[in-house]
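First up is the structure itself, then whatever we jot down about it.
Chain naming follows the written order as A, B, C and D, and within any one chain the residues start at number 1.
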Amino acid sequence: MKFRVKSTLQYKVTDNSTFVFNISVLQSPTQSIIEETFSIVPAQKTEEFLLKDGSPKSVRIVSEENKSLTINYSALVDKKYELINKQNLTTVKTSDIPLSILPYLLPSRYCQSDKLIRLAQDKFGNIKNAYDSVRAICSWIHKNVDYVSGSTGSETSAFDTVTQREGVCRDFAHLGIALCRALTIPARYVSCYAYNLTPPDFHACFEAYLGGRWIVFDATHLAPLNGLVKIGIGRDATDVAVATIYGNVSFLSMEVSNQVQEEGFTPLFFEDLEEEGLTF
Amino acid sequence: MKFRVKSTLQYKVTDNSTFVFNISVLQSPTQSIIEETFSIVPAQKTEEFLLKDGSPKSVRIVSEENKSLTINYSALVDKKYELINKQNLTTVKTSDIPLSILPYLLPSRYCQSDKLIRLAQDKFGNIKNAYDSVRAICSWIHKNVDYVSGSTGSETSAFDTVTQREGVCRDFAHLGIALCRALTIPARYVSCYAYNLTPPDFHACFEAYLGGRWIVFDATHLAPLNGLVKIGIGRDATDVAVATIYGNVSFLSMEVSNQVQEEGFTPLFFEDLEEEGLTF
Amino acid sequence: MKFRVKSTLQYKVTDNSTFVFNISVLQSPTQSIIEETFSIVPAQKTEEFLLKDGSPKSVRIVSEENKSLTINYSALVDKKYELINKQNLTTVKTSDIPLSILPYLLPSRYCQSDKLIRLAQDKFGNIKNAYDSVRAICSWIHKNVDYVSGSTGSETSAFDTVTQREGVCRDFAHLGIALCRALTIPARYVSCYAYNLTPPDFHACFEAYLGGRWIVFDATHLAPLNGLVKIGIGRDATDVAVATIYGNVSFLSMEVSNQVQEEGFTPLFFEDLEEEGLTF
Amino acid sequence: MKFRVKSTLQYKVTDNSTFVFNISVLQSPTQSIIEETFSIVPAQKTEEFLLKDGSPKSVRIVSEENKSLTINYSALVDKKYELINKQNLTTVKTSDIPLSILPYLLPSRYCQSDKLIRLAQDKFGNIKNAYDSVRAICSWIHKNVDYVSGSTGSETSAFDTVTQREGVCRDFAHLGIALCRALTIPARYVSCYAYNLTPPDFHACFEAYLGGRWIVFDATHLAPLNGLVKIGIGRDATDVAVATIYGNVSFLSMEVSNQVQEEGFTPLFFEDLEEEGLTF
């Protein structure tokens, strides 16, 4: 299924500044980029880099002072996904988790899984099937945490959200990740373009490592899982910030969209996936 | 019912030091002190003070350096209590709470009720009877928080315990208080001598203001409520620390006991009080 | 010297709500209220209360739903102050601090003096005169913490401000108090009407207990110390919140002023008080 | 210069458990491993992995229950180092930092550089030479933070240490890293075997990216910089934990050593390196 994703970011640059953007679509076996443009007005040299598999494709821009800067990104993406029956989405034992995936078990700044172990074990420790566990985590978050724009900030962590019970997509993802790791299920943060998100914005969800595959989850229930176009993955939001800025810059505006380009797209929401996990 | 309470505290004083102890039994209409001794070895001048109704009766001692100091406290206390049917233990509206009790609605260092409002409302906000609400809070704490000696410290607060789910009597009390205040029920910390506590130690529980009376609760379920002998009340543990020490002092040992002095004592535990609240 | 202080607060009340205001001027030997009005539009029953010496004179109002509520407070106050030479503003030993003042040595939610002891001792522990110590604390805060409106919130504490180094008057006061207590100097929070404050707002400063008297300090350096009209004192901001509201209410607007009513007022700022502390 | 490093770790394994150890010496251009043994008693299958350049060489072991497990590691290492004059150790602009190094500018769980920016700028922002800045950071930490064994734990972060002012090597490194990042100097955590450390233990220090090279710093001043044998680098301690354990295991004992194997080793301490940075 083809999707057109776009983002436009505008800044006022006061002093010489360096930007690192993570807004480009990730190239992967299930996500092929048919065409892609990254343009800056006024024109500017860019450097692209990709630190490792799954990392977002970062772009560095260096801007002189006293400029208005507009970043335009657009991509046409062909996405495939697979549905895996939950019987195959079992817990992978710590002795068998691939070595490159072990770091996704560790606590991180926003996902302090080491402080949530008793809670996670109490609430979700007795569920037999691992896919059901992660779905139970998402249902619990969705039921207990209110989605409130602007309620949280750059210091809010899973440890806060589990009690304060309000947040945005980033907070929902962090809490989901932290609870998975507290159950010894590897989990990672995914930044993405979500189909039909209201209001339009960059989105975040998470993946859990079940039965030897990364399965996608979104505790906000706001977007169809098969309409997510991945930007990149990380241990938590730190690794995939939309923009990191060194210098003196004012943010002016942002537009984000993700539109399907073919007929016949059947959105698959959390509710539709009781028996099968989605991987992409 | 008469109880004999005793405590012995031993210290090694390196430099000139000042101690403030809160270990004396509170004199109150329901708690009469028949006899009481507070002695220090070697003998030492003491100053007693009581800041306001309900505050513990504090004792200040000033010790010279290079001493071993032993504090012996003993009291024979006659306690009365009343059982109030829960139909009378209703929520007191904020417009009707006596003005001197309003401070017990405010958050405090260890009872950050302002950060637990959504959680408290979600879990306990729909229970009709106020006594049932506070019992539900205590049952929830008892079920979800493990009593683990030494698991927490002087910085642990209700906000930590609600997620980390382990603690001692002090932490159980702080969480109960914080959840009550988050439901707009005044609540306060009570330090006490608990009958038959194992292992013997000073104890903490809390009171909630229901139907115009202070009703006692103990989420640890470790001690009969009608065997608690009060030392003092405060907004949280800060106000009633067993000992506050200014100087260079090593703690050596502590003994605490509370023994019934009459026949026929029928202990009333949390489980026994579904229909009636206990006030003393 | 006579001052006219005024405040006007406007709210939109959605549901039945209870307000507790701490905006009235404190009556004290050095602060006599010549005339005072507290009016509510539309008219409303009020209850006044004063919990203990120095506590603000609180006022409770109960409002029905669907009202716009305007609170008008105005007072004409005659203030006296005394200047005490710093030779007399020595440290009071913990053995000699009056018993009612000992609680102002304890840590509190926003003034975690127990976590600042090493820092306070390192920076200010070797200053001989206690008044000089507290002045050094204020100078350090003024030099190192930026006054930035809106930079902090209701959770910001001295432990945050000492590192993050931005805040408003409340944060400056909390940090000053915490550092004093970490030096074993009793300190308390003072809410007040400050003369000529720009922009106009309620103000906060603090008092330290030196040489047997409460001496006033203001690490913001924004207002003359002899122009402060006290509303009340507390262990920290929790005890003297301008308004505590139970119910569903929107804040609309606020006006605050403090104007001198006589000729010949000579403002005394922090800079003017190197040798003498001011008490009022 | 050749060093013999050794470590022995003993555990009692109650249930089937998985261990990940980061105790092997890192192979690098300046650190060649002449011989190396990693043995387990009783013998056990091991899996080695190295996630990326600089990551520690991790080893996974899976143990059955009811075993005593002893891990013995020993290596003979030849280390080279270079001294670089500080004139060449200048700040690398964010526009020029190699893309793979940019992540070492980001805040992490234990190094919340985003919360230390004002403090770092105030204290160290005006030092011209970047090497001097990082030395000033180390001197400040050494002067203001006390090395106190057991004073901190797995939750202690740079934000705590900057105020609480006590800690161990891990805390000294975290604070150094956080202050560097707050000055926009990339910095990373280094776990190592330190020559002659008293008492013997694994050690931690940090590297800052200056003039296009990673220069090593140790704010504890406890070990010569040219005697450090690297285990691995990470964003903070999370990435290079000596042992991560999944299962039910008791720690029994640990021995660690690093001894020079040639004559003529001249230790270079912090004090000796005013003009030149050491890279290895």
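We take it that contacts are C-beta pairs under 8 Å (C-beta built on N, C-alpha and C of every residue); 3 or more make two chains touch, one makes a residue touch a chain.
Just so we're clear, the structure is a prediction, and the values are computed from it rather than from any experiment.
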| item | value |
| --- | --- |
| Minimum number of chain-to-chain touching steps separating chain A from chain D | 1 |
| Geometric centre distance via CA averages, chain D-chain B, whole Å | 46 |
| Distance between chain centroids, defined by C-alpha means - chain C, chain D (Å) | 46 |
| Cα-centroid distance, chain B relative to chain C, in whole angstrom | 31 |
| Multi-chain contact residues (two or more partners), chain D | 115 |
| Arrangement of touching chains [line / ring / star / complete / other] | ring |
| Touching pairs - complete list by chain label | A-B, A-D, B-C, C-D |
| Of chain A, residues touching chain D in the complex | 18, 20, 47, 49, 51-52, 58, 60, 62, 93-95, 99-100, 102-103, 105-109, 112, 114-115, 154-155, 184, 238-239, 244, 246-247 |
| Residue numbers on chain A that touch chain B, as the complex places them | 115-116, 118-119, 122, 144, 146, 159, 162-166 |
